[in-house]
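Below, chain A partners chain B and then partners chain C, in two separate complexes.
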Partner chain A sequence: MYPSGQILYYIPLGDIVPYISTINAVILALLLAVLALPIFSNTDIYVEVDHKIPRIKAKIVMPREDKIKAALALGSTMAAAGVVTTGDVFNFTLFLSLLGICNMGLIGTTVGDEFALECAFNYGLMCLIAGLPLFGGAALILAGTGTLSLHQLMHMPPGAGGWAMEYGKILLTAGVVGEAGVGPFYAVKVDSFRRIWGRYAFVIHLTTLLTFSRYLEILASLP
Partner chain B sequence: MIERISRAYNAIRRPDSMVSAFCLMMVIISAIGLFHHYNYDRKQLYPRPAPQEQMKAGDPLAPYDRGGVPLKHPGIVVSQYPRFEPVRGWITSYLTPFTRWLAKHSKHCGTTIVSHPGGILDEILYYTRGLDTILESSIMFAAFVVFSWIVRMKTIGEDNMERERE
Partner chain C sequence: MTEILVPKLVPLITVHLYKIAVAAGVATGLIALADILADRRPLNRLTMTDAVEIGALALLASVGTDLAECLILPGLVVGLAELMATSEAIIARYAGPKRPTFEPLDMEVLRTAPKAVMIGLVVYGAILTGFTGGAVAGTGAAFYLMCRYVRPRYEDWKGMESISGIGWALWVVGFSTFFLSPRDWLLALILSGTGGILVKVGPKLTLLGYAIGYDVQVKGER
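Let's look at the complex of A and B:
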């Protein structure tokens, strides 16, 4: 019944029942491996190579910037872990908002770079706007079917909820696209990736990608 | 043709035009949703009393009255998985002595839920869907951390912030 394979483990946390299934376990393991990367690597000097004018620019990263970025990367990865394991549609949207804010912070806390700040501002603005379709989609799914739990939604017959459910899915997709920055809106993130250093760029990259793969699984389990 | 596509991609590549592109997509999606009618399911998981029903009955705890007598029998809290919440309903029925006094002397105790200590604790918020409430505040916390860090950096400067550490 579960589109992501056998259910291995679930945590009875009130109405929100996070669960780990076969595919979720793989995604979660990958995420925790990503989290281990910034912990074990140590970059104090950020080197940028400009190909047009042959030159190498080096910037010494101050410890305080490193500290806040490590904290935000931790928050981002934890939020992504929540996204991957959650068993509730509304909970999913909340974790995704936390992920978007943390990723925005990772870009925005780059010191001495006006362009990174501008990118972070626009990306944050998009996260803010994407909150509307995201929560609106969850609300429409609740209105159409009467429940938010994924375990219940999986057992519903196809076509349950009618147009409210269909439109809820469309809105939820728009929200995920805006919040995680996939599709055509990915471009600005790639641009801003170059402004922050490799290991944290990697965190943004993989959390959003794995979030979207998890979203596809949720989409498959909705009626 | 390919040149035109690449030009279009370059146009939405800039950070300031990305927001406009997303808003345009939202406008199109909203326009689709405007011309349909929505069928709501009558069997909702979290039921609510009819509007103004408790208010007209003169209940001082309206609109948050969920019934129950403190320490005798629990209030009514409907949940998806009752087997995971063995003690639901007990906290909702409890009122602090001050709140009980306020409910006896005022008709609007239920709507002053935040303005005095120890009001009605809504169990849907704090027990059956507790993780949601924690997350909502942590989103704001993360946003505040980022914002305050950037503002501090811009106002006192990079060097001063490093000096402060020592």
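Let's look at the complex of A and C:
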């Protein structure tokens, strides 16, 4: 019944009921490895090569900037962990929005770089616009089936929910694609990767990617 | 589908309105996106994305059940947080470290109406009680404090934040009374409903008026 394989553990947390299944456990382990990367690495000088004018730029990162970025990376990874383990469609969208805010902060806190602020602005606009299909899709699923719990949605017969369910699935897919920056919206992230100056680019990239792989599982479990 | 989910009490025309509401929400988003395409200045893009968020709220609100009502609040909060973060980015990009100054508003209604409006709203909020009543009463108090002509002495209102803290404590006590001894539900309801939320939400909004009034008093300089 569960498309993600066997359920290993239910986290007893109210009516949201997060759970860890076989695929979830793999994604979660990858996420925590991503978090460990910025913590244990210790590169404080970032180097960028400009190919048009042959020159090398180097920047020494101040501890204050690094501290803020580490906190934001922690928030981003925690939000992604919530996305991966949650058992509720609306909770999934909320954690995804939180992930977008944290990633925008990671881009925007680069000190002394105006283009980074512009990149953060564009990323934030993309997240805000993607909020409409994201929340709208969740609302349509609620209207079609009367519940948002994944555990109940999995046991429904195929075709339950009618047109609202189908339309909601389409909207939710568009929202996740926009919010996670997958596919056509990848251009929003490309500019910003070069502006973060280093290891936190990994955090943004892998959290959004693993989020999307988790969404595929949710999509498979909807009726 | 409709027979199972919607109770018989609801008239059929309300059920059919749902499709129109969904279409209106999506159309709001599409119109805002068309405006973004037409005018690509950063400020316009920001305001129009806020209009897109309103479309998302319309989609959530059109479901109209208790659960949807619970979902609107986190949706609104997340949208506001994203909007604030984005606007901080644009302010840091274009305005730089110095913030723009502004002239305080001067309208006739701010000079003549504040006392009557405040008394009406606070009394109505006290009758409503609960979260809504707190919001209504707080709006009245905030309006009174924001008005320029009355110009209350802001030092007299400085205890407001501690009142909010006491209200919070009352709410926690009432909420735990529900679980510890469910027989005293009336006491818990009064504690959390009237004493807690009303006293808590009201001073929160009053604090807003206090801060804005302070800005007006120092002629818009922070």
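FYI, the second predicted complex is superposed on the first by the 223 of 223 C-alpha atoms of A that agree within 3 Å, B and C clash if a C-alpha of one lies under 4 Å from a C-alpha of the other, contacts with A are read in each partner's own complex, and residues count from 1 in each chain.
The definition used in the following text is that contacts are C-beta pairs under 8 Å (C-beta built on N, C-alpha and C of every residue); 3 or more make two chains touch, one makes a residue touch a chain.
Nothing here was measured: the structure is a model prediction, and the numbers come from that model.
Partners chain B and chain C clash in the overlay (superposition on chain A). Of the two partner chains, neither chain B nor chain C is touched by A:221.
Of the two partner chains placed by the overlay, only chain C lies in contact with A:139; chain B stays clear of it. In the superposition on chain A, A:94 makes contact with both chain B and chain C.
In the superposed model, A:148 makes contact with both chain B and chain C.
Looking at the shared chain after the overlay, A:114 reaches chain C, while chain B stays out of its contact range. Annotation for chain A, partner touching more residues between chain B and chain C: B. For chain C, the stretch among 45-53, 153-161 or 189-197 that collides with chain B in the superposed model is 189-197.
Shared contact residues on chain A (touching chain B in one structure, chain C in the other): 90, 94, 97-98, 101, 104-105, 108, 117-118, 121, 125, 129, 132-133, 140, 142-146, 148, 161-162, 164, 167. Residues of chain A touching chain B in their complex: 12-17, 62-64, 68, 71-72, 75, 82, 90-91, 94-95, 97-98, 101-102, 104-105, 108-109, 111-112, 117-119, 121-123, 125-126, 129-130, 132-133, 140, 142-149, 152, 161-164, 167, 170-171, 174, 178, 184-185, 187-188, 191-192. Residues 90, 94, 97-98, 100-101, 104-105, 108, 114, 117-118, 120-121, 124-125, 127-129, 131-136, 138-140, 142-146, 148, 161-162, 164, 167 of chain A are the ones that touch chain C when the two sit in their complex. Residues 9, 12-16, 18-19, 21-23, 25-26, 29, 32-33, 36-45, 79-81, 84-85, 127-132, 135-136, 138-139, 142-143, 145-146, 149-150, 153, 158, 161-162, 165 of chain B are the ones touching chain A in the complex. Remark: chain C residues 1, 4-5, 18, 22, 25-26, 29, 33, 42, 45-46, 49-50, 52-53, 55-57, 59-60, 62-63, 65, 67-68, 71, 74-75, 78-79, 81-83, 85-86, 88-90, 92-93 touch chain A in the complex.
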